[in-house]
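Two complexes, one shared chain (chain A), two partners (chain B, chain C).
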Partner chain A sequence: MLTFSKRTRFLSKDPTTIGLYLAAFLFMLVFFLWPLGTMVAASVEGPSGPSFAYYVDFLSRKLLVNSFWNSLMMAVISTASATVVGFLFAYAMTRVDMPGKRFFKGIVILQLISLPFTVGLSFIMLFGRRGLITYGLLGRPFEIYGWHGLWMVQTLTFFPLAYLVLVGVLKSIDPALEYAARNLGARDTHVFKDVVLPLSIPGVASAALLVAMNVLGDFGNPALIAGDFTVIATEAYMQIVGWGNFRMAAVLCNILFLPVFILFIAQKYWVSRKVYVTVTGAPTQLGIRKTGRLVKWFLFSFCLIVSSVIVLIYASIGLGGFVRTWGMDYSFTTQHLDYVIFQGIPAIENALIFSLTSGLACAILGVLDAYIIFRKRMLGRQLLDFISTLPAAVPGFILGIGYILSFNTPPLILTATPYIIILNNIARDLPTGFQAGMAGIQQIDVSIEEASVNLGAGTFQTLRNVALPLLKSALGAGFIYSFIKCMTTVSAVIFLITPKWNLPSPIILGLASEGYWGQAAALSAILLTIVVGTLLVCRAVAGKRIPLFEV
Partner chain B sequence: MKEAVSLNEATKKFGSVTAVDHATFAVEDQSFTVLLGPSGCGKTTLLRSIAGFYDLDEGQILIKGRDVTNVPPHKRNTGMVFQNYALFPHMKVFDNIAYGLRFRQFPKAEAEQRVRKVAGMLGIEHLLTRFPAQLSGGEQQRVAVARALVIEPEVLLLDEPLSNLDAKVRVHVRVELKKIQQQLGITAIHVTHDQEEALAIGDKIVVMNKGQVIQIGTPTEIYFKPKARFVADFIGTINLLKATVVKTTAKEVLLSVGPEMVLSASTDPEVALSDGQDATLSIRPESIEISSEKPTREGNVLHGEVKDTIFMGAVTRYFVQTGDLELIADVQGSDVPLKGSVYVSVDSSKLHILPELE
Partner chain C sequence: MESLIRARDAIHAPENTRMKILKEIKAIAKTTSILIVVAIIVIAAIGTYYYLPTPTPTPTTTPAATTTKPPPKPTGPLMVYSALSDFEIARICSAFQEETGIETKFLRASAGELLARVDAESKKPIGDVWLGGPCLNHEVAKGKGLLLQYKSPVAAEIDPFYRDADSYWNGFYLGAIGICVNTARIASLKLKEPKTWKDLLNATYKGEIISSDPSTSGTAQTIFGTALQLYGWDPGWDYLKGLNKNVHHLERAGAAPAQRVGVGEAAIGLSFGHDIQKIIFAGYGVKLIYPEEGTGWEIGGLSIINNGPNPEAAKVFVDWMLGKKAGQLHTDISLRLSTRKDVALPSGAIPLSQIKLIKYDYKWVADNLDRILKEWEKIRAG
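The block that comes next holds the complex of A and B.
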């Protein structure tokens, strides 16, 4: 450990590090911590000093208290189901030799980059009161709205997140361990029960916590499909849009933030430390073991069914843009497309500009942030690490509401400007760039930078000549991931957009909740085409140099 | 003696672990000094502290008389060769070697000339346009050495640079390294855990254990006159015998190693002994001679029995029981190993006394 005086002595000789360090702190302070703080302050502000009147009011309103329990309940059941689906998918992709893996992986990636409420939107079109399948094919009205509908939607929406974590975990379990168990006389079921499962438990916990945070914070799907089953996210929105009651909205945000924060702490500091590092002498080159036929075909059918539903989801969205009135009149029309071209293009242009800007900023800030955190032994680096990863856990609508509360008044008025959207995007997606940067830095041997310093280069020159060139692919990955996220983000920006600075995803959500399926579907299809196209082009151009969704 | 690097009570702690514990010694100018010790002994930490990658908790480091304790690493002008070479993977060999010259404001032409010169010396001119990934381990190692040498460092720091090479290449390269160091007349500090390498390459060896400097000396001193049991044990195979001093004279010391077993050792002026004191006697296996007939020499002859032999190529290793002692002796040649009753003898100059008894 360096003593304080040694650290400061060291700092005074490294202006680059201290500059980057202060800049990173300042940015997160102003554009992340301040909005969160303002929200807490707003919830306890009374006419004469701090007051908990709004919290008392909250407790007295059954509907609101219920929405809190509903949020928790939905998080528990969706997390369980999404984690199971994610695990089965991940196990199938890493441990089973089955056909169609590329297709299944493609489906997962599609879900990961899609609009966050795609499933909700298409479920209404497929299984709603006038749904193509329920009403059209089966001829019976079905009530999709409610907790059961939301549960299915959240499971399909978030299982890819669990999958992403679990694939990493399962890949890191050396197949040699399974051969060893087998060699010692264990049957397949025992190999799974005694080796694979125990080794992946921390990963499963990690995946579950991640899914839970996302379900708690999700706004789009509940807004569309929850019906009378109210959750905190939609209630907070209603408090602002319906009643103009910012203080109650702040109370709701704070109440939801507490469980999310606990999950975040658990994930970052507890579960992630328990992940086993497999200790092996030399890496084995053993392929995956042959799975029993029964297991193989069960998993294959399972993946096929889930993937078929997802294909159906995207088909309905693609189709929905071209039929006159979904549920009533399925004749071909281009009228929705005309609307989209007229109304949606400016919003898409905005989205492109905002996403390019914030994507670039996230990539650069994230990589620099990761660099100073992982390469410089500075006082407070754990704190910076913490506040650089926390935004990923904070539900979008909470930060969105924090932004309107903070930047509506001096000293910094940003409302109704494009900057508020861009800055919000950057603050929210910084963890994406940070993750990419971290992954990149862990690939570079420290001694390569030390060699540069040893030869006479200072921090700035080492960063410019050695570290950044070697982090090119991390920068690329950070940019593409945050670009995609910004293109489809909805819950935070829904509070920040204006008619002039509008964005496609809030427009789609608005259209869908008003029942304009055709227009919503058409605009979704265009947005998805852009996002998928971007990813495909980047993958084709960058090839292996930038690892994108290697799932 | 001119000192290139001096350490004065240098101490480095990591949390509660003291990695380097009050190290004090000087490295002679133009010498090849080896830091030797088992893994975790603090040798690499010490080397990295000299390079400036660690800030000392206590003490001082001087390079060519300049106190560099608080000088950041990029201003110390040390050239380091890393264990994994740490070549910049995105730069060609030429740019790798030229990198350090960028920060020393050399005109382009002169920089290029210097790069070519050092590349010529190391026989890697033909590799200048390649990327590190296209080189073999040995070639990468040369590039790393060239990169460290081209800046004309005050001291060349070598962090186990041979450990990633094949055994055969390693022996060849270490001869070459030493040759280059002598040719250029620069000071080198080399870290290794390989005692054979240390003996072969070092002008001076600094033996370290648990953060402390245990002994500093020439290879022969370290090998034949270990000052501590650790040094004797760590380097090669050695016989360590419990002994009691019987009599000391100006020329020799008589020690009893068992009932009616008295050996005489040459007096070492650095080791003060008094009669009746316990001590440890160290004898290298190759210092022991074995014969079936009683040798003609006087004194230092013990009678024993061969328990086991191992054929080791150049030598045959004998395990001989004499009284309560088991001695290891390496004998060259011997096609047909001796069996049964034998005489072991050792020259009194090859016996070394450690004052400590463990």
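The block that comes next holds the complex of A and C.
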């Protein structure tokens, strides 16, 4: 352990590290912590000193208090169902030898990269009062608006997140343990109950917390499908657009941020420390153990049903753009597409500009950030680690509102510029780049860099000639993940767009809420094609070198 | 694409050629990645170039300077905030751009959203012109000092009733709240068509009415104002509570109920008459009924945002928009009733003379909006 003075002396010889370190801190301070701080400040600002008048007002307003409980309730039930679906999917993919795995994985990836409110949009088209399935095929009216509709939508939207975590966890549980249990005479159910399940509990908790954070912060789906069921995210929006009351919106954001923050801390410092990794050194040669036929076909049909619903969702989005009036007149038309080409293309161009720049920035910043955190022993590196991962937990609309509150006044006026959107994207998606960087760095033996240092290279040279070339695939992965996230972001940018710098996803949400399903579907289809196309092209070009969505 | 074909060849090729092809693929991949990086730089450069000239267009033109020498011809870009529907704004803006050569960009949002936006941006406004949305929103904005006073020479051609006396906004269309009925659905449910506001309280309509939310929609604010002025404050709220019991759900945008009813999601919708007529003209089996007691109305406002980046172009836009040609274009595409007498209404649309209007005080609604929304929140909480 270096002493403090030795450490500082060592650092004075290493300007690159110091520079990167300060730059990373400064960036997060200005473009992440400051907007959040402004939000807290705005909510307690009174005519004379701090005042909690708005919080008192909040408590006296039944609707707002109700929507807080509604948000929590929705988070609890959606998390439970999404985690169960995610677990069954993950178990099927890692433990069961069944047909169609590639297809199921593709479905999950599609859900992960698509617009966050796709499911909400298509559910009304499929299962609404005039839905293709409920009305067209079954001929019976069905109420989709309300908490139960939202619950289904959130389950389908967020189970892939749980899946992603759980696949990793289940893969890390050595199948040898299951063989051993079986050899000792345990039945299949006992193996599952006493071996697999206990070992994956921390992973399940981690996945559940991740889903809960996302459900709490989701804006698009409740805005489309919640009906009279109010949640904090949409109420905060209403406070701004209906009342012009940024203070109350800030109060709502803070009140929602509290449970999200607790979940984040729990996930980062408690649950993730408890993950049982049973795979050691040499990989086992044991393949997937044969599961009972009943289990196998149950899981297969489960995955098939869920996947079919998702296929239906995307089919309805694709078709919806080409039929005259969904729900009534299913004749072919290109009029919606004409609109999209006229009005949507400039917005899509903007989205491409923003996503390319912020994706690139996220990848580079994320990798550098991860490098200095994991390779340099700096004071406060844990703090940097914390604030580099925290944005993943902050709901988009909170940071969006924080940005307008912070950057429409001096010293830094950014509203109406494209930079405010790009910076917002970078701040929010930094964890994506950071995680890619972290994964990359952990695969590189530190001795390679030590060799470079021993040969006399400084940090900058080592970084440029040794570490970064080795981290190319991490950079690539970080770039593509952040690019995709930026292309589909909605709630964070809804208040930041301007006539000049408009974006497709808020336009889609606007069209959908105006009742123009056809145009909304057409524009969604184009946006999804671009995102999926990008991913496919990257997979074809970079293939083996950049691991993308290895699920 | 090329690399894909190569990759396919590689699978079938013998070992040594395969290595060669793989190398080629790698080279192609490398070139591609270089190209991507170049593309990013170029796009970023273009983006910056587009943005940078924006803040500078004639910000220093003071009124004093314009009197000494003829004002320079205003140039773009002009930023239009609008509450009309996307398609209409696009048509209007491109017509304006064609005629004046002033580059025009627009952002669509509902009237409430625009008010919040203009308010939030007041320290550094982004929009120049605010096109459409009930004048009560413009009236609220005027009260907050968000609008620029401008006496348009063309405004004199419009009846003063439709204009703000202090010239902060001008009305360019009039809309009246109507009831939209899906004839097929109401027949299949064996229900009677509603004729009056009172009819809507009938318990048989439960779950068959779609309206919009006054927190976001100017249409809904007009509906609420109508009920409160038709019946008085307390009986008005009783009425709205009763109506809310029959409502299936509330939309965020005021034109959406007509759309939803057109498709047949519910039998009855509340929207502005022109929004309902648009659905009828598009071929939906929908009927427009104006309530017998008389109905509330809005004047669609047009105003200039105070301290906007391009006030000169904004004035040109206001003059143009209030003129006959733009008025006719707007009415033709939107079916809204123009405030100009010389604009003809498309045949089949119901003219103003056949609609019974109530004595509606939009200023009262603007002044009491906060109180109305508070009361509404209590009802929503149940």
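In the analysis below, the second predicted complex is superposed on the first by the 546 of 551 C-alpha atoms of A that agree within 3 Å, B and C clash if a C-alpha of one lies under 4 Å from a C-alpha of the other, contacts with A are read in each partner's own complex, and residues count from 1 in each chain.
Everything that follows uses one rule, which is that contacts are C-beta pairs under 8 Å (C-beta built on N, C-alpha and C of every residue); 3 or more make two chains touch, one makes a residue touch a chain.
As the structure is a prediction and not an experimental result, all values here were calculated from the model.
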Combined model on chain A: chain C and chain B, fit or clash: fit
Residue contacts on chain A - larger count, chain B or chain C: C
Chain B versus chain C as contact partner of A:100, first or second or both or neither: neither
Partner chain in contact with A:325 - chain B first, chain C second, else both or neither: second
Which of chain B and chain C A:448 touches, first, second, both or neither: first
Partner chain(s) touched by A:458 [first = chain B, second = chain C, both, neither]: first
Chain B versus chain C as contact partner of A:469, first or second or both or neither: first
Touched partner set for A:14, first chain B, second chain C, both or neither: first
Lowest inter-chain C-alpha distance for chain C and chain B in the superposed arrangement, angstrom: 15
Shared chain A surface residues [contacts with chain B and with chain C]: none
Residues of chain A defined as touching chain B within the complex: 1-3, 6, 9-10, 13-14, 445, 447-448, 450-458, 461, 465-466, 469-470
Residue ranges of chain B touching chain A (in the complex, touch as defined): 13-15, 51-53, 55, 57, 70, 72-75, 77-80, 82-84, 86-90, 99-100, 102-104, 147-148, 151
For the chain A and chain C complex, residues of the former touching the latter: 61-64, 66, 128-130, 145, 223, 227-228, 230, 238, 240-244, 246, 325-328, 339, 342-343, 352-353, 356-357, 360, 404, 408-409, 413, 415-418, 495, 497-500, 502, 507, 510-511, 513-516, 519, 540-542
Residue ranges of chain C touching chain A (in the complex, touch as defined): 3-4, 7, 29, 32-33, 39-40, 43-44, 46-47, 50-51, 54, 77, 79-81, 85-87, 90, 105-110, 112-113, 115-117, 119-121, 123-124, 126-127, 213-216, 248-253, 255-256, 258-260, 262-266, 284, 370, 373, 377-378, 380-382
